[in-house]
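In the two complexes below, chain A is the common chain; its partner is chain B in one and chain C in the other.
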Partner chain A sequence: MRGNNGSDMAVVGRGAAQAGPAAAAAGARSDGQPAWWRGHATALFFMAPAFVMVTLFFLAPVLITLGMSLTDMATATGLSRWQWVGLDNYERIVRGRFTLLILGNTLFYVAVTLAFNVLVGLGVALLSTHVEPKAGGLVRSLWLLPRISPSVVYALMWTWAAADAPFGVINQLVEPFGVAPRFWLASDPWLIVILINGFVGASMGMLVFTSAIQSIPEELFRAARVDGASAWQIVRRITLPLLKWPILFVLTYQTMSLFASYEYILLTTNGGPGLYGTEVWSLWAFHTALSSYYGNLEFGFGSALAAVLVVMGLAISFVLLRVFRFNDLVAEPRIEIT
Partner chain B sequence: MRLRRRRLLLLMAGSASVLAAACSTQPVPSAAPAKPADPAKPTESKPAAPAAPGAATSAPAAAKPADPAKPAADAKPAAPAATATPVVEAKTSAAVSGGNVVKVVAWTIGPDAPSFYRRDNLVAAAETLNKELEGQGSQDRVQVEASFESGGGWADFKQKFTLAAEAKQGPDIVLAGHEDLAPWSSAGYIVELDPLLKKYEQQFADVYPTLWPSVQYRGKTYAIPQDTEARPMYYRRDLLAKLGWPKEMIDGLPDAVRKGEWAMPDLVETAKEAVSKGVVESGKGWYHRPTRGHDHYMFYYQNGGEMQDKESGKLVLVRDALEKHFQLHFDAVKTHKITPENFLGSDFRQWHETVTAGKVMFYNAGTWTWAEWQKVYKVPEQQQWDDVGFMLIPSAARGGKPVTLSHPLVYMVTAGSKNQELAFRLLAHATTPALNSKHSVESAHLAILKTQEQDPTYQKDKFLLATGYMSEYTTFIPNHPKYGSYDEVLFRLLSAVQAGQMPPKQAADVAVDELKAQLKDDVITR
Partner chain C sequence: MSRETVGRFSLGSLVPYVVLVLFTLPIVILYGWLFYSSFFPRVEGLRPVGAFTLENWRFLWAPETVDQLRNKPPIIPLTINTLVFSLSTALVVLLVSSMAGYALSRLNFPGRRTFLGGVLLLHAFPSVTLLIATFIVLRQLGLYDQLLGVILVKAAFELPLGIWIMKGFFDTVPWELEMAALVDGAGRITTWWRIVMPLVRPGLLALGLLAFVTGWNEFLLPFIFMPSGTQATLSQLVRSMLGEGRFVDYGMLTAVGLYYVAPVIVLFVFAQEHLMKIYGGGVKG
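After this line comes the complex of A and B, so read on.
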């Protein structure tokens, strides 16, 4: 099918070059065959809204961001007194003393939160599908609470829970176990940041994995039990291999969203404590371009940071798509069972 | 079946009304308050807070009815309760009949709740301005719509104004810190006021001359001072007594500091002693500001720091002073343990609760917190006088000069205003001894007018009278468009030093390198 399309396009290309403007305007080729777009008019019609949306809300902002990143636009210049500065902002990123520190924070945050999201999401899905359906449903509903809570409320609850002694629910919970009360957001900022993001992220994985587990034919499990397989062997030999694609999807999707997410960090540690303690790249871009205590927002430099984030995102998507062979995922099955 | 359909209809009707109510909510920052119920009297309306990214907003409780007999600004509404989320409250001046009604919109902010006279004085000024206009035979009449934001943060407020100014939807008057006039005038968001100041010279002759440089940038005046303050070092009289200090010594501490006889090393030693003798817990000998802010620079100035070159206007960094400033903060946490670990970035509300509970020996904060502790944290005034004293920030060494820092908040007239002269004249009418004294007393801010010292309201306030001398020792932060970048580097490094991530010497070197790299010709390092 794909091969045929490719051939058609090649023919159209040659045909259009040879045909005159009149034939092109009529949408017909010189050999009397309908033009390529006529043959795909329905598909194009249905794709048009998505194309417009992607152009308006993804491509255009990316292009504007790239353009702004080449300027010195800031509060002090306004939108009318800025100047082109070439690659100065990118040079500032490369030469910046704290760039590597923030990049390291970003990679650490994405990797650890991702591991938490996928492992906990998978664990909850496996456990909740292997118990009584009602109990499993209840557990999953509870795990959804962080996701359905408004972000600000959820983050504020964590902030209060992690408050310094004598306040803070966490202090009160851990004190009987001999853990010294502390200001958790300052003493263990990554722990809190990862837990806040992790509990929200794990719920998404849990939903995807649960539906995937429930779609595995029951006969496979029955047959395994008849053969004397233990619970672990069933999970290891049947469930996990059949969850390969959902796991890869969740990994890829969450990697991308974690790279761009910063709201819970902003609302809890705000990038601290200490020297960019939990500052990640997207938060750095936000702080630079949109939030300044002394009012001088640096739109140009912030755009350069955002542009680098876009490039990082594209590179990581490319790698993930290649490593996980997503083409195989979306390929048509070799056999069809009717 | 019919019952189910009826339920469905009811549900749909309910949803539609909720949706309609949600859609009809007035957005503020346009500072458009609800229409006055009675056009003949001023009203106080409380629209929803602006939806700034990353900040939760909440609408306050129902509006307190205004006294119909007098303008809203004369009434003393209770200060809003302490809250972590911003609350925006708008007021409209009395409706005017006849003539050409000109609406003047103003955005003001605390963030401390007792500073609501920043808004109310503008509302009150409308009345006297209208009388003046009438007397001059002018057809113009001013109606003021002013909002006051409390409980939120500066960054969100400034972001809101910046975006509104770019979208040409800003107010006529905006109140902010004096340092904002540099970037905002460079961007063309606010206008130069020198021509109008010349025209209405007499109305501003009473302003302390020392305040004018804080509202000037590159030789031009862009703002009118609204208030000023000092940032004292508070100390617990009761805890010093527990430590064995005689009453005369406790009473004489402010004078000893003023004369340079009692310096910062003495403060550190006293705090250490208080910790070692169990008078205060470890880490509660000295609390400085727990968040980003101007206060930290008092300890840089204390050590001989400078921030702006008077001639060129460029930013200045004195490396040795910075290292001493870093060393002080490092030692306080790591060596002497008089300040807690992980202090920078902690919650300001918790800070207030701890100091008002009498658990900290020394703590520096603004004069306005004196009022805030009484009004928001409910400390009885007499108890506060009995237990708490205040002094300048002691000099770095005995024989040196103590310091404090002022951060005048200022009114600016925006470039987008279609009524700049009327907006300016409104500011003139809001800048009077009576109105400014009301603000000073309510919020514990210092006088900006010479005649305020004779104002009966001001004279009754013994705290303001007792702290007035601090203005002689004050310093300012610079008016420079790149001050935000300068502060970003220094504050982050201070945080790193206090967290033990970087020794003070290295942090000072990094600061010099980083500022040179980022600000290039805009900074001078010494």
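After this line comes the complex of A and C, so read on.
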């Protein structure tokens, strides 16, 4: 790990501990096996619970997902009478009648929501740092509300906003513009799905961009203003170029989150209306393996669908870790709201 | 960062405010609607129909009179389940994260770097993709359809963030005090618990709050891993009421929804800067 103060400190810490009588065990490390084990017994004690939980709920599931994707495991075969089927499940994905439709849905959903998230997040960050700090802080707090609210309550509000006349708020708001009242969740499901996810997702970009903007030295802005630059020129020539890395980071991070997440779609359209109207890849995996309409939960096929996302998730996480120095971005408090 | 000249009114300086208000309006409307819908018999769009009433809140004192709740678990046990779930999750996350965070910050042991790298990788990794396999793991452990199982899964999913945060807080603790204790013959574990843990209280508070709130809000994990609903949480109730589609009594539903979200909003208002310490860096979604 780059820039890791912790490791230096740990080394120093160990050295000093050896000076004390309590660290006799650590000092005796080279004396043979039992002493070596005792030297690490403390570490083992501290690490054991985390190690067990990470193994059970991250490592094992990754391996099980990959392994199970090569089987025909389903409630029909039972959890014990399954067989290895090689790459059959993947072949089924490639040849599936609905694969292209769902892939298209997924790409559309990810692309549009991503654009919304990043553009709105950037807009709110830029504007809220250019108004009175108190007002800007209040706006950012409001934008965090969807993120800190239970997903079911947030989905409830949108379901209601999209409801049929005479109830829906959306109907009432667009009425003056001559839009006929309708049941938006059925007539324009993508609009609602993208808005519901967008208003949650934009706050991530907003937080990252706000802290990036606030860390730009004030002199840069002052110099530009002295030279007579307009507000737009300042944003265009100074702020945006300096936000290049945060923007790329948020784009990468959110691409993966959007591919993987389906909670709000499940709670609003549940992949409808009709057959696969707003079904996306991750929801398809969920429906196949954990909530089948036909009563047969296909763990094998669902795992193959999920394995595609798992492998993609691991690859993108690795990129985030290496290219963006994710550790720097998550290392310290990034924002203060007044 | 207000850069306009003081005392001179300029129309241009109003533009950012106007745009911000327009952008933020949907959120204000949604939450405003949730709030006042729960106090009127019926709301059409944003127009209340009828007079102010507490009728919608009678699920608290007279649940037996609410048709919609007849076949559902009563609200108080659901609230207690939700509280037990989120508090237990927070406690597990705090304990396991601060143990591992301490070891990663202070001790040198084989695999330390690998584990640290792994924790970071998992922090960026979308754990929701693992739910199908987690189902198998829980079945094998005999923890499927049990609150304990869901608590462990939820806590595990919060661990990468938790361990990283706690390690960061331990890194900032100057370790002279710790060294003095070790020299005096106290063991590592005693030193950690008695000397170092009290010094990272702000970290524990921030992480505990975050874990509590995400636990309180959690929908997917109890929904998938506790299908029989004997230990259901509030999210299940709202979801099942929402699932009744167009026939749902929205007045009642908004009251239940507000009852569910209110503690989170209150916590957010009062503990904002603590939560923000983590939300800023650890956001998912």
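Structure notes:
By definition in this document, the second predicted complex is superposed on the first by the 249 of 338 C-alpha atoms of A that agree within 3 Å, B and C clash if a C-alpha of one lies under 4 Å from a C-alpha of the other, contacts with A are read in each partner's own complex, and residues count from 1 in each chain.
Throughout what follows, a residue touches a chain if its C-beta (ideal position, glycine included) is under 8 Å from a C-beta of that chain, and two chains touch if they have at least 3 such contacts.
All values reported here derive from a predicted model rather than from experimental measurement.
By the touch criterion defined above, A:Leu156 lies against chain B and chain C together after alignment on the C-alpha atoms of chain A. In the superposed model, A:Gln233 makes contact with neither chain B nor chain C.
In the superposed model, A:Leu267 makes contact with both chain B and chain C.
Looking at the shared chain after the overlay, A:Ala50 reaches chain C, while chain B stays out of its contact range.
Look at A:Val62: by the touch rule set out above, it reaches chain C but stays clear of chain B.
Of the two partners chain B and chain C, it is C that touches the larger number of chain A residues. In the superposition on chain A, A:Ala76 makes contact with chain B only, not with chain C. Of the two partner chains placed around the shared chain by superposition, chain B is the only one that A:Arg92 touches, whereas chain C remains out of contact.
Residues 79, 152-153, 156, 159, 163-164, 167, 263, 266-267, 286, 290-291 of chain A are contacted both by chain B in one complex and by chain C in the other.
Residue ranges on chain B touching chain A, taken from their complex, read 53-56, 84, 154-156, 158-159, 162, 166, 176-177, 179-180, 182-184, 186-189, 292-293, 340-347, 350, 481-485, 487-488, 492-493, 495-496, 498-499, 501-502, 510, 513-514, 517-518.
Remark: chain C residues 1-3, 12, 16-17, 19-20, 23-24, 26-31, 33-34, 37, 43-47, 95-97, 99-100, 102-110, 112-113, 115-137, 139, 141, 152-153, 155-157, 159, 161, 163-164, 167-168, 170-171, 175, 178-179, 182-183, 185-189, 192, 213, 216-220, 224, 234-235, 238-239, 242, 246, 250, 253-254, 257-258, 260-261, 264-265, 268, 272-273, 275-277, 279-285 touch chain A in the complex.
Looking at the complex, you find that chain A touches chain B at residues 74-81, 92, 95-98, 152-153, 156, 159, 163-164, 167, 183, 185-187, 263, 266-267, 269-270, 272-277, 286, 290-298.
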